[in-house]
């Protein structure tokens, strides 16, 4: 399968502080990849860098190759801003964590849905309206006509996130970046939105980069998982493999710290001790070693682990993964 | 910080010139001469006016009245505005609601026109102008102090003082006033700028301190008629007003930021 | 929009009556007696009392106010003490002149403040320029700025005719060259204060999350600014436009006086200097009413432009 997007050694810094280190990953067409990690691990920074929305204060190195709808492949980091704009909202679309704050309060929903279309694919007003209605139906908004002429403050949080998804889908992007799209929503609404995304993926065949800290969601929606810690991918692989046999102690810790409502036997929640380190003062060696139960003095605190394949398609960054398995 | 420094330099320069005006020029500001409307030369740097008086000397001496009026008016405005603002901000509720309405109304009214009307009745002495401009500018001071007092009232340390049994008589002078002092200082400088701005406009319109005392606005008015003969007659006092207002404005706006 | 404006104006009427009554009372109170204003500071107490009695100023303030209002509503603002001309006839022909200059300055200042601060290209160049202009506008009194412009453009460069007024009837070019400097002068202060308020709002809106979401759609920076940041920042500024109306009136008085323009501002100054109480009172009332109406209009505009208020 063709990779829609592939990053090589993506490194992002703000001033002297590096928050993302040599990140390399790829997403194939139609694939749902989850980027998982605690808050502060650099997930959202990665998402914004793919969109080219980090702002001037950020320095981004490495490469981000995108294969566009028109067949060409380009490195987003070397494109001029003008060509980047033709890609944003068109080949790449993003939905955000805060649906309540992500719509412009002074425009009607209809105008906001058709805005990206009008920029990337100019068409007559009537056609734009038809398209907006179709999009609202595709995200299962109850009363699409009424919604078109509504203002954002008249919609609920769940409805607003559906509108955001409709906006993101308007130009049929190759890749949808969903940055914690359900975190701010109620649990029932959350399930509906996830269902909707899964269904839309099946219908459109777009790839999805799903950013979350919620492992339950990952298992439901993702084909593949990237686990991020302190700006690095520490474990990656097919969802079943990573969940079935986590190799990196951090991933295993994340799993144990997750509340399981429907477990057969009561399971203790074991939070990982400590906090995500400040990117300005990363511990030497493996960044996770101060919080790791398996860390070995003289080894984990000096050598930086490189990704190693522990099974086909399953990579891990841990100096001791073989010993821990054994 | 640089803004503030620029403002201070301008203010110091103007104050210095006004204070030592007799030492800086060879002529008294009211001393008439035989050369009328002479263009600038080595003897009279800004030339002479329609009565043969040295323009430079009049500009330098004119700074005294302007500075006194500006600082005096700002002082009056603070004496009225600070307590009013503190009261409204600290009491909150109905008192605040009414006080805010009154302040907004006063700010919406044209201060210059108000000052014109009052000056026409009371007569344009320095003291009158100070009182009038202070009266016209207090609502701005009060509104700002109110906003700050309102914020600080809700702050945790005031909450803590209140929980410890302190009442308004203690809290307002001990906790709120010191915290709004910076804002008041900044607003003081801005009010000086506004007062000099307005008082010079008043005297330009013919309601300044009475002649023959030198007075920037009035000098510009006369200078306007002789703009093609001795431009410095109008331009020099204009520049003096501009520099002085700019200095206080920079000081005030720089202190706030 | 019109319905809202009508409703606000209906609400503004009692407010206007209260304010004019206050103005009437405070004018009378401040002045003590109109006769004192008319006779000057050297008048004796007796002559003041006599004149007050003759003109009916010894009656209670409320009676005088109702009397004045009653006449005013019938189109009678009294007669000038100086020219003995009817006040309406003195004021009415001057009103359009002031309105024209005031409105042009208002429009110019508003557009300049909004456009200069919403441009995204060459921002490193335009922003400092916009700030410089704003500081000039705020710190230079109208007569200083006007004098500088006259000296530069009329005396030195001789690009424009000198001060004075030329009516529309003298032809558009002549009218335009005479109105240019007054409008520029008058707009400066307004531009400055508007710039400070608008820019603070603009920068606050630019930091909001939906701006990032709009950028993600692929809009250019300038499109984001025109369509989203600027309109959202404009909303709270509308109220400011109404509130600083008073400043504009003060500026108009000085500007008209400087350029010898026959508007109501210069008439007000002349009447104050010649102690022409009926004219002063009439213009004062007109000014207060326009400030009240302008504020009501700004409120209505705000309500009409803000969907969160409109729907309720």
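First chain written, first letter: the chains are A, B and C, and each begins at residue 1.
Just so it is clear, contacts are C-beta pairs under 8 Å (C-beta built on N, C-alpha and C of every residue); 3 or more make two chains touch, one makes a residue touch a chain.
Keep in mind the model is a prediction, meaning the values are calculated, not measured.
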Measuring from the mean of all protein Cα atoms shown, which chain centre lies nearest? C
Two chains joined by the most C-beta pairs in contact, as defined above: B-C
Once you find the CA centre of chain A and the CA centre of chain C, what distance in Å lies between them? 54
Could you grab the centroid distance between chain B and chain C? Build each centroid from C-alpha atoms only and quote it in angstrom. 22
Note: in the complex, chain C contacts chain A through residues 208-210, 212-220, 223, 227-228, 231-232, 235, 305-308, 311
Looking at the complex, which residues from chain A come into contact with chain C? 51, 53, 82, 85-90, 93-94, 96, 98, 101-106, 108, 115-116, 119-120, 151, 153-154, 164, 167
The answer for chain C against chain B in the complex is residues 19, 27, 30-32, 36-37, 41, 135, 138-144, 147-148, 150-151, 155, 242-243, 245-247, 249-251, 253-254, 257-258, 268-269, 272-273, 275, 280, 284, 287-288, 291, 295
Chain C-touching residues of chain B, taken from the complex the two chains share: 104-105, 107-113, 116-118, 120-121, 123, 193, 197-198, 200-201, 204-207, 217, 220-221, 223-224, 227-228, 231, 234-235, 238-239, 241-242, 245-246, 249-250
